[in-house]
């Protein structure tokens, strides 16, 4: 692999990322899958990096799931998104940072549509006014939250307590980075490093001491694909796609995966369990599976947050093997303690996957 | 008395031969199909047996067919076979008259002159003596030709000569030595005892001038006996097995046995009857035009005999049947090639579930089946449709929208079972139509319909059918004076004996010219479906040569009656190549044209097609 | 085993690295013209069997060369060997012998 | 020795330029060839063997340099033209180093530039060690050294990818570069010649064998050398753990996606116009084709004339052409130039005579 060439590609895809005063928009599904991630993101930005991040409790779904499953018409989606812009404008912000790649993609799509068809924008403004009596300015800077972490990766490195290195061997960890399709495949210019060799996660991993694995199916979709996952009968497609990726990355013996998309991190994690139960296969050497982190969780660990505070107990594939490699101290018994100190109960053990 | 140690090799040889032959004959006869044995029983005491004897005499001894191919070659075979036969018969008679009794030690006549050195007095015996010398002379002349021919085939009118296996060579040399040695031993004996005749005595006297003939004689007799013994023993393991086997073959064949779709004891006898004369090499277009002289029947049968048959030797044959016509032994060669192609591994009869079953078929008295190939030369089926119309015949075009293959292509590539599935499908359709006449334009289909379909209705190739229509005055054809040469399709000519009908039809309205190689000896167009593994170059070479040959009589039109032949020849022919049906239609149309403007025509004016 | 209501699919992708080329090699050895195809499809267009059933000699040949030989025996059994394909092939491929050798190969290389 | 005072400047000392120079020289004109490189010969210098008969490129180079027996042209190397300005019936040619030339007529033969394959990011040129272009391969072939991949091993399986940067709206070039197909076939055979045991696969959209003996070479590649042609455009290349390359394409003729691994992948990069050609063209107010090549006056009857009288074009600066076509094109251009010069000369004289009479 000749990184020179890659660098040249990355230089072509530099995007402007505002460095403060963000209007934060949450993801619908992550709060249930990996609730720690967004909290961790806010902690890091507000407490550690001393950034101004504002979020509005009134903000709703971007309708991405509905839109991509063809049950919400484009105009509705645009109006809902216009409302988010309105909330942002009212709060006096110009930089919007969705935490969800689907939302990010959709926002980008909407803004791009308006750029080409001002008449549609006008119509949407009209709809929004009729529906909510709100007005908005289009954001000056739209980036995904992973772009923010990417921007501050070196600051985080300076403040970090842990680096992505195997304590026992002293060697950098092998990390698989997975980029959500909607991050840059639709609008390569909108992603750091473009669509072919996105640099957003690579940047973090390398900055924090890990090495990135470039495996053949790197580009491949995790398999979420809305219709594929949401219709039970279609889930075979979804899991097959993930399987394809796992098979392709297995020879590289990754220590963990990191994704920047709610769906991806969810499926790369959960499908390992499904495949294990269906076919008795795992893609690591000792049957525990390959841990999957969100980039916020990865940042959190690097910053030395407690694994249980950032919600790693919510993962299907147990993260303990990874924590051991990183040499992070943790108490097994604390794993299932709630914030109130009460035990929240343990999930049922899978038949095959070792947890 | 009448014994000397040197007779042992000969005697032993004879015994071994006798035993081996007995064993083989018993095996083969027991391998005959059940039906065959009844046939033998039924025919044993009929005139057929006499025919057989006559044929044995004509072919095995006189080699009539070989004579036909080339007189010198014929003389060579005759002098050896018939000459040797006479030596045995006359020799036996000689001893009979000498000893007065018929039963003697069986080697006694062979070495008669050794055992009876005292010169004869009686003029009868002297005559016999002379006769024996003469016959020996004839045989020796045959040997001389054989030896020359080995080194210069053209002497006997052959371009290519069989390449023999080592076993065969050994036998050949033994055979060549027998008679010269006989000459030497008898001469040597004559040299000191004076019991020789005009040849042996003179050679003997000459030898006696400078050789100790008395001591030498015994040495020559030993060598003579050894060479005889050696040859006898080698017979069952060499091509000379054909000598005893062919006789058996001729009888069985005359009793009405042939090789059908199964390999039987008779097939084995046929194969063993091949003398490897190599006549099939020259007649084969794969050799003469395709420049491939390794795939001919003689090699096929040889390799089969020594169980070292390679697939390509089985596959690389046009199945044109020219070798059948030429084979002096009259073996059904192509049938054997076909039987060797018959392999279980190819049979997947399950594949034809998609074939139409019990589909309703329109009821008609006449059905027309164009055949797969005709669909690639639609001019043929179009012509037939016009002809039916003109002749006012209500018919059904059974495969108008494409054919289900007749099954023969599968069969001739060894897939008999699979072929049956196609046969069944088409057969059902044909019968359902209630037709009384089935007309086809494809000789391949024709042969298949005739032989494999067991239809009890009339099956006609369109060349036959058109002739009928014309004779029934349903088609008015008018002389055009165009010079036409007719190409016999293999499957129609040699395959189904349809030679006359197309010629009668053509000569009725065109000037039909003959060409040397036609009818039984017609060339194959090269397009044959019979050959599976022929490469494009070989195929083109044959197509080109055949087209060239037909053009050599510079006709205005080359006529044929097979879509495949039409395609193959047209590819390389300057002269237009037309199917017989096209020519009929052209003639009819020319006529109707002329009728429109009849007043402008003078009486008796011929019509151009 | 619990019922998931869906299953892991085997992709349609031709996985060249893990495919079986024994048949293709056998045929190429015995009938080299097997390689000459340019996929024009005239064979399938004229095919007597293709008129009546789902049979595609061009595609079949291609899949063999890609090492996709599952169900090959059933497919090849549909051929009537009538030889029309051989007459129309612009590259002069000995199609009937190819078919014949596919059958041989199925026997010598595999019991499929 | 020039027998005609009129001065012709040829911009570009590649095959087209040199061929034209020798023709015009023989016709007795005073010719100056301006070559931006330090040596004339253009892309032919890189090329090893020429399709379809594998003739050594030196043969053509020799022909070009031998063309100057009588009345050789003045050849300036390292002469980088920046602009061509029409000036009172003549043309002023300005060089980057400040030099300038006057010419009665100008022939532009600035050739083409190889499409920058890095732009097809999905193919990972300059990212994966064993992805190279047809140019890189040709250079390697010219050395005569055995073909090796980065790790110094002999490649066992090689892929050629056709239409890289051609017939591809994503790369901005919808035109066909014409010569890549046959180059792919030629190079595939050259690889089989040197590595008989290697497997060679060509991934194509259409094979455009337009030239004499091109189709024959394609057949030879299949029949004699056993090169496999797969109809389908490669969608992406990824690197396996062992640095071999995983290709994904649709095997369109079987209607199935296909995944294969290769030791070496050769991108048949297309032809694009030289950026300098565009500058020069603009300076002389010339028109351009949709592919941004220099446009001829008429696509049938005058491909070598331009909308600016006295400026002519030939070779691959006006459209992708093979070497043979380029030379033919150059010769054709010279005929048009000569007749143009004759007319102008006479009209020039006429005007002089007219003035005398007044």
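Per-chain residue numbering starts at 1, and chain names A, B, C and D are given in the order in which the chains are listed.
The criterion applied here is as follows: a contact is a pair of C-beta atoms (placed from the backbone, for glycine too) under 8 Å apart; a residue touches a chain by one contact, two chains touch by 3 or more.
The structure displayed is predicted, hence computed values, not measured ones.
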Pair sharing more residue contacts (C-beta pairs) when A-D is set against B-C: B-C
Farthest-lying chain, centroid of Cα atoms versus that of chain D: B
Chain whose Cα mean lies nearest the overall Cα mean: C
Distance between the centres, which are taken as Cα means, of chain D and chain A, whole angstrom: 47
Euclidean distance of C-alpha centroids - chain B vs chain D, Å: 66
Approximate Å spacing (C-alpha centroids) for the pair chain B, chain C: 38
Distance between the centres, which are taken as Cα means, of chain B and chain A, whole angstrom: 84
Residue numbers of chain C (touch at least two other chains): 11
Two or more partner chains touched - positions in chain A: none
Chain-to-chain touches, reported pairwise for every pair that qualifies: A-C, A-D, B-C, C-D
Parts of chain D lying in touch with chain A, wherever the complex brings them together: 118, 121-122, 124-129, 236, 238-241, 246
Residues on chain A engaged by chain D in the complex (per definition of touch): 1-2, 4-6, 8-9, 194-197, 214-219, 251-252
Complex contact set, residues of chain A against chain C: 232-237, 239-240, 243-244, 274-275, 277-279
Complex interface listing, chain B residues touching chain C: 311-312, 315, 345-346, 348-352, 354-356, 372-373, 375-376, 401-405, 407, 409-410, 413, 415, 418, 422, 529, 532-536, 564, 567
Partner chain A, residues of chain C touching it in the complex: 2, 4-11
